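What follows is a pair of complexes built around chain A, which joins chain B in one and chain C in the other.
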Partner chain A sequence: MAELHIIGHIVGATGFPHSSLFCKWGVHTGGAWRLLAGLKEGQTQVDIPQTGDMAYWSHPIDLHYATKGLHGWPKLHLQVWHQDYFGRCQLYGYGYCHVPSSPGHHRIDCVTWRPLGSWQEQLAQMFVGGGPQLRSPDLIYSGADRYRLHTEAMGSVALELGIIMRHFDKYGVES
Partner chain B sequence: MATGNPSVFLLTVNGQIEGANFPEYDNLYCKYCFVYGHDWAPTSGLEEGITQITCKGRQSSHKLIWNFPLETTFKSTNPSGWPQLVVSVYGPDVFGNDVVRGYGATHIPFTPGQHTRIIPMFVPEPTWRLQKFTSWLLGRRPEYTDPKVVAQGEGREVTRVQSQGFVTVSFHIITKDMKKMGYDVGPPSSAIAPSATSGWSTEEQPHGL
Partner chain C sequence: MTTCRVRVERVTSTAALSKHLQQQVLSQPGGGAIELETLTSRGQTEGDNEEELEVGWQEKLFSQYEMELFQNESACQTPLDRQYHTEVKALNKAKGRRNKRIFTYTDHDRYTSCLALQQLQTSSDLLSTTKSSPTFLAERMASVRHRRQDRRTMDGSVPKSKIVNWEPTAEFVKSSHVVNNAMQTMHIMGDLAPAGRMGQKENEYLLVTIKTDGSGTVIVKPDFNDDKEPYRIVTAGDKREVWRLTVKNMCTPMQPEEKEREQNVYKDLYVRHKEYLNSLVGQDFEMPPVGILRYMMNAEIVSAKGFEYDNLYIHFFMELPNNWSSLPFQTLSGVTQTCRAKTLGKENVAFFSYPFSFEAFYMSEKESEESIPQWPVIYFKVLSLDSWQRFRTEGYGYLLFPAVPGKQTITCHTWRPLQTGTVSALRRFFIGGSPELEDHSYVRIPGTFKGERLSRFGFCTETTGSVTFNLHCIQQARAFVDATMLKKRRQNVFDQLGGFSQQGAVCTILEAFQRARKKMQDARESLPRDLVHTTSQLQVESSA
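Right, the complex of A and B next:
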């Protein structure tokens, strides 16, 4: 069995309307992958930057997978939320990126989007916040039924991921 | 002695905590420690330490320099739980009490070569304004009982923090027997290539990526 280590962290997010942000993240894999160590989902702390608009989380990710096949390569999906002064949470964006498939250190900027409602919902969102959310988070990293969605672009999340691969070359995999 | 199939690999970390960039604070010192998983053990060097107290120079008004050496070697059977360097910065407040100015953590790089890491630092935020005022007055800010918590991902979802400042650390990494055990860590980094975090400079607060 080949092994994959994902060692890195979610650095932070920038480009969102307000900067008091936190992120719910998870890693989704296909059926041939088995998680040997580490947490495959979590939630960062809420960061309120003192200066600038980039919120920094430095949330560590340390995952150890074993796999029998290349299908279902791990995908990291994210939901960026905003927490206001009163503790209310509002969705600011969904995004996903594939975990890099070559060993070494990678810096990734994951772009995010938010579902857009009707013009009445957008008007209400301007005043009271809220807004439509996905019923099931699977849509963040799958392409099925996306054509039904109308979305707007939001900010981006910075990730630093280090990849260590073991025994992939024994099975003839080049990366 | 045949080293045909080693079961243990070594990671040697030589580096320094170069300094910090805290626009609002001065006269800071830094405590560091290494946090690692169950499969890891340090074989030589110090696991934790405290730097000197430094203040901003007159020429470069935003830079605080420690130039503090780090020299540690770890051994392990498994890259899971790769060591992290946890850094906590402390300094005096208006009344002279020693308060925490930031916590931060970064993974030790695993490709051999030279690396620079810029670690964003954050402090826990008090939950309501009155607590913020009393903690400012009495000098008892919210702190973590064990700074190693910063290296973990669990339990973070209930904390609010304020990020303020950055610490710059540089590493020179040597590994032994990782290739023999079958681990591919990618191309070694070259000293000239800029670090991945160089986009977040210590010179000023970055305004987007």
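Right, the complex of A and C next:
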């Protein structure tokens, strides 16, 4: 079996309408992968930047996977939420990206989008907040149902991940 | 047993002279003839000018001042004081204490923490200016009481409740704002008063400080100097005297058997942990069949920008050239969601964040003369769909799978076929609809192309925006297990010859791949069928 270490952190998010943000993140893998150590999902703190637009979290990610095959390479999913002055939480974006497969240090910018409802819902969203959310974010991974969504582009989340791969070259994997 | 030997010696003129004379005498040949006794100073007892003492860890030695203090029972306030009182009484009954000038403050004494602050105010050894008051942080660090912190957890677990302390007390602030390792301290002090005036607190000087924490760090300040020049201490007061201080380490080293035992314990621990991890991980890994290169790509469509209309979506599909095949359930096409763009800088950008993965197998049918195989291609088109259900093609593009594994970010530019004339422009604007390509592979090399020169003369297009992809490519083949060794060796030769190492790497991989495959084929023919182990699920279909 080969082992994969993902060591890094979620730096922060930028480009969203308001900056009081927090992030729910998780790593999703195929069936051949096994998590040996680390937490594969979590939620950051709420960060309210005083100056500038970028909300910084510096949330650590430290995962150790063992795998029997190359299928189902880990994918990272992110949900960026906004907490406003009154304590209400509102979804600001979903983002999905693959964990890099080449060893080394990677700086990843994962862009996010938010589902849009009808124009009435959009109007209400402008005043009251809220807005449509996905019933089950995991369905997005298969990609088959995506075409039914109408979304709008939101900001992007910056991550820095270091990837260490072990025993992959013993099985003839080049990456 | 941890001990150290401390020696203080007053420097007086006669002592210096006698030492100098002694050295002179010793350096002469046959110098042992002169009696050294004639050169020792008289009139002053030994104990007044020098003292050498061996001090153990946390061994309490009383000073003159403390002896006098703890003799009275009324001066004792804490149980520790009372204990000292009994010890002093016992010492007085016995032959007295064995130290005269050198004494110690152990961890439990109340003076131990005050000394740091005192020292801070008097010493100015950090900077060259004499009048510099200690900074705010230095004061904080010095006044921290070095006590054991039981509540600090070492494993970094997060407490479930009370993460934030909204009303910190002054004590809490002092102990958590500065670095506060739990250290056991011991000060070795010297009463460096002139003869006959011992027992006063002003003449106490700090000689050596020894600190240790539970994890095996021992700090000795000043350091052992038995092989170097002794330290000089200048006393304050009317008579400025110079004392020499020597500190020597007298600890017995650990026995070699004990050391070995410790090493063995560590080795066992690590080996056991490694075995545990190995048991979790296992030994098998899915390998492609012999002679087949598996190409796996994890990609995501990141964004599209610079297009004319809004609400974009991308429809893409992959094409496999000859000798490539894929699994039956593998989807080779996809459609993203429709995304409304936002303005970023000067352009409108739509974010898709659409991950997809793709796996294909390459098997060369014959020993081909072509050294570089044809790689698969993704053809995509960008369309816009607005609320009036108007459809427009925004652009066509293609992306060639990279030959080198690794991470790549590729931006593909797109174009749209254009019909000159106002009619088509009006139609595009009002009702939607625009000319579309019948054969998508026309974007790159049409499938029906035969010949040497591709001519697109007469075809009119308009440049539209660009689409960004993130690609992570992995290649796997059995031949690579040996090829990595060959590649490493071959690269050196290429570098020596001045060749391009990247191209060389690709060629050498393929060469080694062909060679290994040939070897495997020959070996396979000579073996009976059932000994060859292949993954049964994989059905290799060669594309028509």
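Here is the rule we go by: the second predicted complex is superposed on the first by the 173 of 175 C-alpha atoms of A that agree within 3 Å, B and C clash if a C-alpha of one lies under 4 Å from a C-alpha of the other, contacts with A are read in each partner's own complex, and residues count from 1 in each chain.
The rule is short, and it goes like this: contacts are C-beta pairs under 8 Å (C-beta built on N, C-alpha and C of every residue); 3 or more make two chains touch, one makes a residue touch a chain.
Model, not experiment: these values are computed from the prediction.
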For A:18, using the defined touch cut-off, is the partner it touches chain B, chain C, both, or neither? Pick first, second, both or neither. neither
Touch check for A:96: first (chain B), second (chain C), both, or neither? second
Can A:88 be said to touch chain B (first), chain C (second), both, or neither? neither
Quick check on the superposed pair: does A:32 touch chain B, chain C, both, or neither? Answer first, second, both or neither. second
In the superposed arrangement, which partner chain does A:172 touch: chain B (first), chain C (second), both, or neither? second
First, second, both or neither for A:47, with chain B first and chain C second: first
For chain A, what residues appear in both contact lists, the one with chain B and the one with chain C? 15, 36, 102, 106, 156, 167, 169-170
Mind listing the chain C positions that touch chain A in their complex? 277, 280-287, 294, 296, 298-300, 302-303, 311, 313, 331, 334-342, 344, 349-357, 359, 405-407, 470, 472-481, 484, 509
The chain A residues in contact with chain B across the complex are 5, 7-9, 11-12, 14-15, 22, 36-39, 42-56, 58-62, 64, 83, 102-107, 109, 156, 158, 160, 162-170
So, in the complex, the side of chain A touching chain C is made of residues 1-3, 15, 32, 34, 36, 66-71, 73, 75, 94-98, 100-102, 106, 110-113, 116, 141, 143-144, 146-154, 156, 167, 169-175
So, in the complex, the side of chain B touching chain A is made of residues 23-24, 37, 78-82, 84, 104-107, 109-111, 119-120, 122, 125, 150-154, 156-157, 159-164, 181-187, 189, 196-197, 200, 205-209
